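In this document, chain identifiers A, B and C correspond to the written order of the chains, with residue numbering beginning at 1 in each.
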Amino acid sequence: MGEKTVSLLDKKAVDRTITRITHEILEKNKGYKDLCLIGIRTRGIYLAKRINDKIKAVEEIELPLGILDITMYRDDIFKLKLPEVKKTDIPFDLNNMTIILIDDVMHTGRTTRAAIDAIMDLGRPRKIQLAVLVDRGDRELPMHPDYAGIFYNGSPEEEVLVRLREIDGKDEVIVVRT
Amino acid sequence: MKWSRKDLLGIRELSKEEILLILDSADSFKDISRREVKKVPTLRGKTVITLFYEPSTRTRTSFEIAAKRLSADTINISASTSSHVKGETLKDTARNLESMRPDVIVIRHNMPGAPHMLSRIVDSSVINAGDGAHEHPTQALLDLFTMREKKDRIDGLNITIVGDIAHSRVARSNIFALRHFNTRITCSGPPTMIPPDMESLGVHVEYDMNRAVKDADVIMMLRIQKERGGISYIPSVKEYSTIYGLKAEHLKKAKKDVIIMHPGPMNRGVEITDEVADGPYSVILDQVENGVAVRMAILYLLTGREA
Amino acid sequence: MKILIKKGRVIDPKNGRDEILDILINGNIIVKIDKNIREKVDNVHVIDASGLIVAPGLIDMHVHLREPGYEYKESIRTGTMAAVKGGFTSVVCMANTDPVNDNKSVTEFIIKQAKAEGVCRVFPCGAITRGLKGEELAEIGEMYAAGIVAISDDGKSVKNSETLRKALEYAKLFHIPIISHCEDEDLSKGFVHEGKASVMSGLDAIPAIAEEIIVKRDMAIAEYVNSPLHLTHISSGGSVDAIGEMKKRYNQVTCDTCPHYFTLTDKATLSFDTNTKVNPPLRSKEDVDAMKEGLRNETIDIIATDHAPHDITSKDVEFNIATSGISGLETAFGLSLALVHEGVLSMKTLLKKFTENPAKLLKLPYGELTPGSPADIIIFNPDLEWTVDRNTFASKGKNTPFHGWNLKGRNLLTIVDGKIVYRDPVFK
């Protein structure tokens, strides 16, 4: 049984997709007023930074940027092998803000649930919207992304991997079958 | 680094990696106490029992707050309300508590090894919150956390511990923890309060307080353990205070950015003057705050350990 | 009924014997020791001891049989069963029973009970002072007439030097030794040896000098009044040195140590296992080495067990409040044979410390294989490897720090007064 790898997005496609999501965010919110970006550890952080860079290129402004660690809010924490808790770093007041929550892959919706709970303990934003690079479908909770790069509903044996140059050395989205 | 221990009985058996994992985790948990909503759902449905055979306000409250901020349920049992006074053995108490299916039992006891005995009887995780003159691991971990926070490092520090070393579980646990790092530890106090074999633990013994605090980065003051007969090792508290009480003049001999620590409760005017305890070098209240974070980290690691 | 033990390697330190011989027992007496004894097959029980060692039954001059008063810890019955299993055919039981053996009625009770229930010889040791209180002398003469072989306040020292002096002088009348437990009470308010391990465990500690200063005091008084003195369960190197010095000029001082003092160090207490709590406490590696050297150079005359059986509840508590002691009769010989395997002692010297020497000190007609003497004999395999399992102990006391240890050498058969009282299941 070998591993089979299929490419979903290459380097250029990753960049184009992030650009599109950026424009959709600005379009839907009619600009950048009261917007902030919060990336979910780990790859959501880098996606959030790239979106912020693209907004800066268009609007010549940087949005408040935060990092969210959802470990303490997971519903499966004791079924996992003791995930390491890392820091949440949101250096701004998120009351009455519109939060763009950013993650690499959305699947069951449980991470999103944990992220929303974590944010609610930190303040009372006006709105939370969700942006993901890949939507895998197969939701277990009533959650839906506001912005999705691509939709890929593969089989349970498949794993969708998002690779970003900041930590993985290159940009791509691949499907691995085991 | 993964955590696999069921219990935290002492620092002695911990590796450097385990100590650092606790400190790093505590970093994340510290933020929760500074939020408006000081609670996360991590330990929802878990039960933590604190079983205290010795009076304690600080440590028990700290554990209770730590557990509650993680959403665990806490029950406090103290010797005065438990069956201990009716003559029930620790073994029977342990078995009874175990029947109530707690996830963690935090025990403080006046006899060394009592937590070890408890851990052999129960399946719950056991945390040693101080056993006689043996160990007080969570105190040492919060002390290291505070040193690292204030100094950005532990390696290279000169640490001076002053007081009743012989009867101090805080000194022991700190020494066991600090020897994993490249530190110089000096123990000072009346010769009657320092065991003859103290230096076998790799520390320096300097009876002269003025020499002991020279170039110290950290001065840790201990209190006289009156409940462990500490008073009989010195002619009088007054004389002790004259010779070993930490005064402003001592700080001039230490490093310019020295920090003053004390595990509490303090005997003001005995081992430390008000001026020093409340002065700019004192990190005593930081220790208390960090204690909650460190205990949250430990509760998290023990309940979520790899089976 | 005759018993013929054939082809065993007979080692008898008293008679200087070490060769392959047969031993013939008739009734309760050894009648013949020779090569190839031929007897008519009928009415003779023949035991093939080839490949095994045949030795005089061992003598343990320091046990606690707990009867009367503490039968839930041990009884004369169970204690002597443990003894014969461990290779002992005679034991000396200490006086700290309830009531204390400080008068002839208790002595008589023990002797009577031992005759009725015991499976080996039991010799009571009387108290030095009434109620072991260290104040007034017990009725030593009456106890002597009833059968005590020594006197001791074992469990503590006679604190008052004047009282000890009187006891040493008075005991001369009966030619019995005083067995001294050496421990300075004021320096002994602890639970473990003072050293690196106690610094680590935070357990209140007892310095070695607590033993040594009493060793020196007791020897000084004994020498002054010219009376025999035996120092029991010696544990510190300093004591061995002091005794060695005294022996150069005074020949009425003897001493013993116990297997745990030449086997375990205070490191064992770091687990807080209450089975490692003994009095005197387990000491340092240097002290363990000094015990071995003392045994080798004959400063230490005797190995005794200080068999101190306890009920589970006495040990299943916090270290500070656990009672002291090790149930030692069933592991002592196996642990001691390690001294032979390590090359510290010859087999003959080891056996001497278990037979000839205690017999001489206590003036007992045992501990030897001499035609005409009572047949107290053991047969053992010095190389048999086995694992200590306290659940199989004959003693009621399961308190041992050696549970699960692998030992080399075990007693297989015990004969007391011509009767086979113990046979190991592996010995057909």
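Going forward, contacts are C-beta pairs under 8 Å (C-beta built on N, C-alpha and C of every residue); 3 or more make two chains touch, one makes a residue touch a chain.
Worth saying up front: this structure is predicted, and the values here are computed from it rather than measured.
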Problem - Comparison of A-B and B-C (more C-beta pairs in contact) - result: B-C
Exercise for the section: Report the most central chain, judged by the distance from each chain's C-alpha mean to the global C-alpha mean. Expected result: B
Completion exercise
Cα centre of subunit A to Cα centre of subunit C, whole Å, reads 76
Fill in the blank from the handout: Cα centroid separation, subunit B vs subunit C, in Å, comes to 45
Handout entry: Inter-centroid spacing, subunit B versus subunit A (mean Cα positions, whole Å)
Key = 41
Completion exercise
Per the touch rule above, subunit B residues touching subunit A in the complex are 2-3, 24-25, 27-29, 31-32, 35-37, 39-42, 70, 297, 300-301, 303-306
Completion exercise
subunit A residues touching subunit B in their complex are 69, 71-73, 77-78, 81-82, 84-88, 117-118, 121-123
Problem - For the subunit C and subunit B complex, residues of the former touching the latter - result: 194-196, 198-205, 207, 271-272, 313, 316-321
Practice task
Could you pull out which subunit B residues touch subunit C in their complex?
Solution key: 12, 89-91, 109, 111-114, 116-117, 131-135, 167, 169, 172, 195-198, 200-201
